[in-house]
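What follows is a set of structures for review.
One chain, subunit A, links the two complexes that follow: it is found with subunit B in the first and with subunit C in the second.
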Partner chain A sequence: MTARLLRLELRRNAMVWMLPLLGLLFWLVAFRRGVAYPPLWNIRATSMQTAAVSVFAPSVVGVAAWIGSREGRHGMTGLLTSTARPRWARQVVAWAATTCWALLAYLVCVGVLYGVTAAQGAWGGPLWWPAIVGAASLPAFAAAGFAAGALRPSRLTAPVAAVGVFLALQLTVQLIHGDRSHWQISPLVANPWNLGADQGVATFYRYLPDLPIAQLLFLAGCTAALLGVVGLPAGSGGPWLRRSAAAVTAAGLLAAGSAAALAGTARIDPHGMVAIPVLHRAADDRPVPYTPICAGTPVPVCLHPAYAVYLPAAVEALAPVLGAVAGLPGAPVRVTQAATTYRSGPGGIGVARAGEAWSRTPTEYRLLLPSQLPGRTLTLEQVAAAVRADAGRDIVASVIGAARDATPAQDAVVAALLGTPASVTDPDAAAAAQRLAALPPDARRAWLADHLDALRAGTLTVEQLP
Partner chain B sequence: MTPPGQSRARRGSARWWRGAGGGAARLVWLHVVGRRVPAALAVILACAAGLRVALLWQWKDYGALQLPLLFETGCAAAIAVAAAGPFGEPERATGGRLPWLRLGTALALTAVAAGALLAAGGTLRGVRDLAGLVGVGLLCAVLLGGAPAWAGPLGYAMAGVYALYTQWHAPALTTPWIWPGRPAGDVGGAVCAALVFAAGTALFTWRGARDVST
Partner chain C sequence: MNVEITDLTRRLGRTQAVAGVTLTAGPGVVGLLGPNGAGKTSLLRMLATVLPPSSGRIRLLGLDPGDHRERRRIRRRLGYLPQHLGYYPGFTVVEFVEYFALLKEMPAAAVPRAVAAAVERVGLGGQARAKLRTLSGGMLRRVGIAQAIVNEPDLILLDEPTAGLDPEQRVAFRALLRDLGGTGTVVVSTHLVEDVGAACTDVALLRQGKLVFRGTPGELTARGEGTDAAGDAPLERGYSAVLASAAQAGTDPAQARP
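Moving on to the complex of A and B:
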């Protein structure tokens, strides 16, 4: 009989009419934004969780409130009391039908986004935790809307509940300050909120399940508590049923409260993820093994395979510099990619290269891609320009000994090798840089090899440049 | 002195006018009550109060733009829901005054919402967004029915909130048809919002909310 009731509710559920709107909004807010990022599971999955919950939560709450208020709006509560099933059981079935439709829509939307990401060759496997938290939020939001509709049946309940939840979600994330905020329990949060969408998280190290586990506990507790509240009023069922509802409500509140308390003990771990000591497993701190992908340049440039999309840009940026200095003292024998490290402080979350830029045995330059740092998404051209300006300068400076107090000649050589002679402020040095940059690559390299000792010693003058 | 016959005529005329005026007022009152306008007004005033309270805090980056939009959405959703009548088809056969009652109710509620939000610290940009959202809600009331018409402003607000977000995070949504993402004083956004409001109000006045059984 319950199955038949569920079939009826599924067939007549108002959520069906919301599916096109949900699909459209998911495309606009989550899919369009997700595919604008490079094909990296970490950033696509975490941004998807935030966007999908933002889209689904108000709609599901509104529809659930509409369905929950159905009996009251039509004045059927008294009449339906005489049916075989207690009121609470009927309401739970209606809630389940609403949740089923919402989950189906969510799974289809997430499936499309994950499918497209996989088809674009994203490295490693999909991140499932963000998808699971998003899915687990739907029963909770449906229960919230259903409880509002059942307890305050009115045609205005649905819009007020939907807008109220929308507002509450926005407010919770506005209240997150630092890494020990209880508000991180919000299902909108997939990684440190103040960090934003960050490509450096969950690539070299596993995505920590600590916060998702706490969120699942919170959402399960909320779902139980809200469904329990629906069964509390007189007329929901017999005394035994109402006592059960009270027990479910209490258990749900306990679980949700515990989860929020756990979120308050969180900290940012050095890999940029939210770690909760009670839920943390040391095994999750191990780096993810990978085989770097390398370009066949004179000095190999190797990146983590997740960042393969940036390899042509990095090679294009560094090839002129590496071609000029390859084999010279101080030049790297290989360029590899460094991970990022994170530290939470009073001014926010600091992100830097993990370890030193140079490893000496053998001499390797450890490159940090600008896209590994928080901030706006960069195009490949912007990434190439930033790599040339930062890593290229570091490499040339290492070869010619141009540290902080570089001589004008050293400045001119750096600018010539980076292809930016106009950036030198001293006119004589700028002219010398232009002369050196105009030489054929072989002649430039030969001149550099001949004068390297004088350059490193700082005794070479601008006039002595070719 | 007034001739007795004339006095009787005047008294009769006054009674007629009192009766007609009282009848009109009663008609308006019944129309308003039948559409839960008092409850919608309460929601509108609650939204204005919420905006007033929210403006007491300092919000960071796009929160400062998104929060007012949510209160405007609450007002627009309440106005859209108040479009539904309880009688359906029989009400349409009662005479030619119904479209005017619909128009008057929609305009009055919109004016009250705009005034309340402005009084609470809102801006003209907010009034633009509110007018467009009301238009979306009334269009939904005509197409889907009054009771579920809240879904229109709500769905549109999600797109608007996202458009505001994209001002900080590319790719930006810059179409004037998503006017909450446009700056204050933007002509394109204002025209689009006004067009949607005009279309929604005109269609709603002409057709009324669709009758649906939910």
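Moving on to the complex of A and C:
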């Protein structure tokens, strides 16, 4: 009987009319932003969670409030009261139908984004936790709207509830200060909120389920409490039903409160994710095994397969430098990608390369891609330029021994090998750098090999450059 | 008896809507007559278990509506059409009637046939798939009647069921009332005295929350005979005569002859 009632409610649910709008909003806010990122599961999934919840929450709350208030708005309360099925049971079916449509729309939207990401060859499996948290938020938002509509039935309830939830969500994330904030229980939060969508998180290490588990507990608690509230007023059902509603409300509040308390004990782990000690499993801290993908250059450049999209840019950026120094003392035999490490401090979250830039035996340069650092999204050209400027400089400096107090000749050689001779401030050194840069690669490499000892010793002058 | 009410009262704010009504009814059609504000709707709402009484005792279908479990059992066997029928405009006729069939906890397997039968019975078979927002006031009234009878109730409470019906529909509806009264108890609140004369086996007349007449339509007609009471038809004159007599009795209801 309930299934038949649910089918009827599904057929005539107002949420159906919202589906095109939800799809459009998801495309505008979540999909376009998501696919603008490189095909990495971590950043696409976590940015999707924030954007999708922002899009779906106000719409779902508004429609649920509209449906929750319909008995009052249409003057059907008396007639419906004369029927045998308790009001609470009747309303829960209408809520369930609203939630089903919202979930269907959400799953289709997420399915499209995940499908596109998979088709673009993203490494590893999909990141499910952000999608699950987003899905779990919908019953809670539907319950919030439904409770508002059922308890305050009017035409204004739906728009007021929708706008109220939108503002409340934005307010909760404004209140997040530091990694021990209770407010990060908000379903908008997928990563440490101050970090935002970050490519360096959840690639070398698993995405920690600690915060998602707390969020699921919170959302389930909110859903139960809000549905319970709908069953509290007199006339919602018999004494047993109303006592059950009170128990469900109390249990829901307890669960939601516990989850928010757990979020207050969180800390940022070294891999940039939110760890909650009570929920944390040590097994989740193990690195994810992977086989790097390498370019067949004289000095192989190897990246984590998730970052495969950056390999051509990294190779293009480092090829001139590596070609010039390959085989020389101090030159790396291989360039590999390093993970990032995160540390929460008073000034915010510090992000750096995990471990040293160089590892010996064999000599490897551990590259940190600029896109692994938080901040704006970089184009491949910007990534290449940054790799050349940072990693290229490190590699050349390691070969020619240029430290902070580098000689003008060392500065000129670095600039020449990086292809930026104009960056040298000293006019004579700049001219020498121009001359060295203008040499054919083989001649440049031969000259470097011949003069490496003098360069490293700091005895070579600018005038001695070719 | 399907309806047994004893000394029933209901106060709405400062108004005494129903003031000590005692009434019993078995199978048949009871017409509930009275001027505006007489307490007909309040009495029907109490019988429909929508409005709890302020005092007095009600037993419906042999059960106590004050007890939650028994109230639920009553509601399964109840059909109610309120004075102002609310409806969901996006529902079709069939969906609306099916919705109520399910809320009345009919066995799911019996619902499709019962819905089709109820819709046919009120003459809306041709509009079964029409959205409610597209129907006229008279058709909506018939939809309301269909939802009230879909569960083949033993107790049917109809508040102004013929409002908005055209004469042809009204004639058909009276036939339906007689049919329904053959198996259960139908209580019809109406302003239209001719409806009572045509379809009711019993009449109860309320004035200012009190029962001032209880009898057959013939007995009500007899009250008007030989008086100069207003009315175009004998039954109307009987109605007017009883009300005039009750008004004359003033604040002493004992002088009226229920």
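The definition used in the following text is that the second predicted complex is superposed on the first by the 466 of 466 C-alpha atoms of A that agree within 3 Å, B and C clash if a C-alpha of one lies under 4 Å from a C-alpha of the other, contacts with A are read in each partner's own complex, and residues count from 1 in each chain.
Note that a contact is a pair of C-beta atoms (placed from the backbone, for glycine too) under 8 Å apart; a residue touches a chain by one contact, two chains touch by 3 or more.
This is a predicted model, so every value here is computed, not measured.
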Can A:Gly78 be said to touch subunit B (first), subunit C (second), both, or neither? second
Under the stated touch criterion, which partner chain does A:Gly238 make contact with: subunit B (first), subunit C (second), both, or neither? second
Applying the document's definition of touch, where does A:Val278 land relative to subunit B and subunit C: first, second, both, or neither? neither
Applying the touch criterion given at the start, work out whether A:Ala250 contacts subunit B, subunit C, both or neither, answering first, second, both or neither. neither
After superposition on the shared chain, which partner residues are touched by A:Leu5: those of subunit B (first), subunit C (second), both, or neither? second
According to the stated criteria, A:Val333 is in contact with first (subunit B), second (subunit C), both, or neither; which is it? neither
Name the chain, either subunit B or subunit C, that contacts more residues of subunit A. B
Subunit C-contacting residues of subunit A that also contact subunit B: 14, 70
Can you check the complex and tell me which residues of subunit B touch subunit A? 36, 39-40, 43, 50, 59-60, 63, 66-67, 70-71, 73-74, 77-78, 80-81, 84, 144, 147-148, 150-151, 153-155, 157-159, 161-162, 166, 169-171, 173, 214
The answer for subunit A against subunit B in the complex is residues 14, 17-18, 21, 24-25, 28-29, 32-33, 36, 51, 54-55, 58-59, 62, 66, 70, 154-156, 158-160, 162-163, 166-167, 170-171, 174, 197, 376-377
Write out the stretch or stretches of subunit C touching subunit A in their complex. 45, 48-50, 68-69, 72-73, 75-76, 78, 80-82, 84-91, 95, 98-100, 102-108, 111, 147
Over in the complex, which subunit A residues touch subunit C? Could you list them? 1, 3-5, 8, 11-12, 14, 70-71, 74-86, 90, 238-240
